[in-house]
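Would you mind keeping the following structure in view while I ask a few things?
Read from first to last, the chains carry the letters A, B, C, D, E, F, G and H; within each, the first residue is number 1.
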Amino acid sequence: MLKIGQYTFNSRLLLGTGKFPDFTTQRQAVEESETEILTFAVRRMDIFDQNQPNLLEALDVKRFTLLPNTAGAKNAEEAVRIAKLAKASGLCDMVKVEVIGCDKTLLPDPVETLKASEELLKEGFTVLPYTSDDVLLARRLEELGVHAIMPGASPIGSGQGIINPLNMRFIIEQSTVPVIVDAGIGTASDAAQAMELGADGVLLNTAVSGAKDPVKMARAMKLAIEAGRAAFEAGRIEKKQYATASSPTEGMSIG
Amino acid sequence: MNLIINGKTVTVGEEIETVQHLLQAQNLHERVVIVELNKNILQKEEHSDASLKDGDALEVVSFVGGG
Amino acid sequence: MLKIGQYTFNSRLLLGTGKFPDFTTQRQAVEESETEILTFAVRRMDIFDQNQPNLLEALDVKRFTLLPNTAGAKNAEEAVRIAKLAKASGLCDMVKVEVIGCDKTLLPDPVETLKASEELLKEGFTVLPYTSDDVLLARRLEELGVHAIMPGASPIGSGQGIINPLNMRFIIEQSTVPVIVDAGIGTASDAAQAMELGADGVLLNTAVSGAKDPVKMARAMKLAIEAGRAAFEAGRIEKKQYATASSPTEGMSIG
Amino acid sequence: MNLIINGKTVTVGEEIETVQHLLQAQNLHERVVIVELNKNILQKEEHSDASLKDGDALEVVSFVGGG
Amino acid sequence: MLKIGQYTFNSRLLLGTGKFPDFTTQRQAVEESETEILTFAVRRMDIFDQNQPNLLEALDVKRFTLLPNTAGAKNAEEAVRIAKLAKASGLCDMVKVEVIGCDKTLLPDPVETLKASEELLKEGFTVLPYTSDDVLLARRLEELGVHAIMPGASPIGSGQGIINPLNMRFIIEQSTVPVIVDAGIGTASDAAQAMELGADGVLLNTAVSGAKDPVKMARAMKLAIEAGRAAFEAGRIEKKQYATASSPTEGMSIG
Amino acid sequence: MLKIGQYTFNSRLLLGTGKFPDFTTQRQAVEESETEILTFAVRRMDIFDQNQPNLLEALDVKRFTLLPNTAGAKNAEEAVRIAKLAKASGLCDMVKVEVIGCDKTLLPDPVETLKASEELLKEGFTVLPYTSDDVLLARRLEELGVHAIMPGASPIGSGQGIINPLNMRFIIEQSTVPVIVDAGIGTASDAAQAMELGADGVLLNTAVSGAKDPVKMARAMKLAIEAGRAAFEAGRIEKKQYATASSPTEGMSIG
Amino acid sequence: MNLIINGKTVTVGEEIETVQHLLQAQNLHERVVIVELNKNILQKEEHSDASLKDGDALEVVSFVGGG
Amino acid sequence: MNLIINGKTVTVGEEIETVQHLLQAQNLHERVVIVELNKNILQKEEHSDASLKDGDALEVVSFVGGG
């Protein structure tokens, strides 16, 4: 069971809704993933365009916990405003704090992320900040009282997986709130590795929506996260430099 | 009456007296639409009481795909 | 479907039976793994010790395809003899050719492995040689007519995972027979990675039998192999050095 | 009669005339046991015809856990 | 030429002075390293113990630029005080800002590091903050006006080398002030790699003082930093997945 | 001192002569590298083309030990013939046995490499086989009596560096003849790493001839190999997961 | 007169009237020593004018090996 | 007289009686050239004694850049 603030979930996969080829594929991928948490972005709409598709209406939102992000915010103030707009929908009180400091790397700005998280906690939000894998920054966020820490595995959409498993483990070891690995997951084994490090969940989007077959990849991710979690709980063998026989070594010489 | 919606000036009929009217006119009252009126974010239930006057600035936003 | 010689399997996990803490744990782990192929070693038995436990009788062997290995063989001749002894049981005609050339690394001897495979093919065995990740050696084995290639990910029981994914991919790309990654798998993400590289299956033992909770790890491995296979079939996103937004970048500035 | 079983010399009674007898005497005839008689590997069905004489060398092996 | 603030150096190696087996070994290691910048810590001294050895007197300090660190500081205030004490020696106006946030990982606290750097810049110090490899944090420090950025390769004294070369490159690419890779260097190739990524210099201590032969390792580091810098300037070949012949492939069939 | 057969060398860098932009750059790169061993290929020449440049005449061959390779050979027989042709020049009796088994990966064929080495040893050559990093294959070659083992770091010209440092270390630990890492080196830190693993030398070509500035890269490689060797001899610190302070931790709280 | 040096109370003779005297008495005046007198960091050249009175608190620090 | 040099048929003058003559004619006698005459590899010193007759097959090779 994954507990974030007052919410509890059976699935440890948080799925982004960006860049799917079409709504049908997206709906099927969401089904296969068995996710219970969907992330969204907030954007201006053209109210005079009737046929403008509406993502939420393509899904039965009642079945999911919605996690709007503050993507697009360049500072804390903008992030807080986007979060409040999202909450005003009456559909959610969770928010993924995302304050990007650099367009090339899309890496988060530590100072503005701290500020935005602090402000949104005051406003009563359930706050999940997207952060770098800076260990002390994660601790600072936890000290503010955020409900989960979401360190990036590698740059958003880069599919490079977990570049620094050591920092990831340090963050997980020190945290008393859930740690959700967010951004950079490229394939199933990346998600499994995140869970093996002890992460409480994984948030991914492009790895599924950008796969040749998003529906099948959604299933792969679901299985990988379960596999990684089970492996973490099972307690893996230690790595050894040299070999250890799995077949008995005594009584080998037959005749 | 002129309104500034998402930065663009738009002329609407006199019958549009509230935010709710505006959304209904576009068939959006049932949908996920969030409105900010003159920098003041409205909760859904406030839409019907939020009266519009000439020159009001509105932000109308919704949810789109994102990660 | 995994096809080896004339056999077909739904499961892509081959499970070794060495070093489980006890038969009950082993039986449960085998169940959870949903494997259809079990590996064994051949050893002298003390016929005067009635209570000597017998592994096979702890399992319902009819339900599994048995894959005896030639562990203990120091050269082709010994390997062939062990294979023939195994076959004389009337329970199997498959054999894992395993000719170890070094006690410290337990890495296979290429020359004796080639010789033993050639001889056993002549004798009509279904031959699965355990080999290094030497790409041309794998090709030589395939040219002999072996029924599957089983390159090691890293030294037996070391749990280091796939040290050289490039060679592994080269072997997979060139092979027309199944490639089963054998030895060195440490945890679920290693198994998933093997499948993502395009392997047809994974053979592991210590990773499960040596885990703190072998039964749960067996389940983790089953899920990981399914996840990795699905990810391979789904077609992962390419790795990019820089980031790519998953949320829309246009129309961000709200108001 | 003396047999060399797995390298050790063992004395067995005269009633042990075949490999099958030997296995039955140890209650192994139902179990997975493979026998090599004087370097000649026997198939299971050959056990009953394989007669034993003094000095015969037998290898008796079985399956054990291995990877 | 390495320029930090108003100082210029021919050597790109900054050497720490901690934990050498003895002063003689240290003096020889410093010689072999050909470093021009030595780091120190500031500590209480027992003024009544005459024979208390004094590190500086073991070296001809006139020949080096001294870089005291603020190790021991748990927050900005303590760091600033230690820096001022060091400066009062009249021997230096450079300082390595080091505010550790965690005793286990010895990783820096981003917020206090920012505060301390800002304050010390006001006080006119030449400021070199030790920081994590958080890319936006490095940018924030640069915006404050620090004279060099010193991101850690991996935890202090861990010898794990550069765990996240991507972040390191991002920091180097974005920086207009020198980037000096600090902490975590374990051996010569780590130092060479740092320079190949485009770093302006490397600060290390334990890798030399903790080596079996510190003097020879000092020489190895000097050579490695020159090698890495030369390789960076020479422009390495790109990595290719497949092979490219170095011998001509045409006209091979002889006779 | 590097000893190969009856030859001894001060430099541990073996330099290939393929694909340099021009003879002048090549001569300068050779100078900077301070190599004492140059590799060549043997090819048909057009005897009616007077101006056909001759590589050897561009260099003062007397100053170098020549190491012709058997590149182009598809089997042992061709390799032996090329080696004999090279020897008939009266300029060398060393040969780099290179029998490529795959045009895409340019990886060596283990069986033909063994055959060719055996034959050439009979013929009295000083034999240096290019081989994969298969540990037991290396041992087989050593048992034949080859004068040095030359395992590939990664595919020829790929610049991927040492993909499998574990096998490399195993080969080095078991060998009583020199181990020269050949092929795949991409930049200075790769060469340093090879030496840190305990290699006796490094053979490279494309990393230098293909660099933007081959002359400077030649110098980088020379320095890197010296650095790596010195680091190997100095004895590096062990890697630790957690940090170890380089500054004293006691008496930190000042006042 | 009593001084608190690096946290410990120490009694020194009346002839110790300045920080400079204190350091000279310990032969430290030539060495790298930094003194903080009652939370006020002294520059080297201030040592001779910095007079000491009973109860003064001094921090005396130096450089040690560090990375 | 016709020779097959590196697979191509070439006509040379009668004055070319040895391999040495052939190389001299092309100014190659001082250079690094290795010759195989009818599958028989010649040492440099054998060039002057190696006489050529019509139809002889020669391989002429040299060293080129390689790794």
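Throughout what follows, a contact is a pair of C-beta atoms (placed from the backbone, for glycine too) under 8 Å apart; a residue touches a chain by one contact, two chains touch by 3 or more.
What you are looking at is a predicted structure, and each value in this text was computed from that prediction instead of being measured.
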Please tell me whether C-D or E-F has the greater number of C-beta pairs in contact. E-F
With centres defined as the mean of C-alpha atoms, identify the chain lying farthest from subunit A. H
Using Cα averages as centroids, what's the distance between subunit A and subunit G in whole Å? 57
For subunit E and subunit G, let me know how many angstrom lie between their CA-based centres, rounded off. 33
Between subunit D and subunit E, centroid-to-centroid distance (C-alpha), Å: 72
Rounded to the nearest Å, the gap separating the Cα centres of subunit F and subunit G is 63
By the touch rule stated above, which residues of subunit G touch at least two different other chains? 6, 36, 59, 61, 64-67
Residue numbers of subunit C (touch at least two other chains): 16, 18-19, 41-44, 69, 71, 81, 85, 104-105, 107, 155-157, 160, 166, 205-206, 241, 246-248, 254
Subunit C - residues contacting subunit F, complex: 101-102, 104-105, 107-111, 114, 132, 134-137, 139-140, 154-155, 160, 163-164, 166-167, 170, 174
The answer for subunit H against subunit E in the complex is residues 7, 36, 39, 59, 61, 64-67
In their shared complex, at which residues does subunit C touch subunit D? 16-20, 26, 39-48, 50, 54-57, 66, 68-69, 71, 81, 84-86, 88-91, 156-157, 183, 203-206
Complex contacts: residues of subunit E adjacent to subunit F: 16, 18-19, 41-44, 69, 71-72, 78, 81-82, 85, 98, 104-107, 155-160, 186-190, 192-193, 196, 205-207, 209-217, 219-224, 226-228, 230-231, 233-249, 251-255
Could you pull out which subunit G residues touch subunit E in their complex? 5-6, 10, 22-23, 26-28, 31-34, 36, 41-44, 59-67
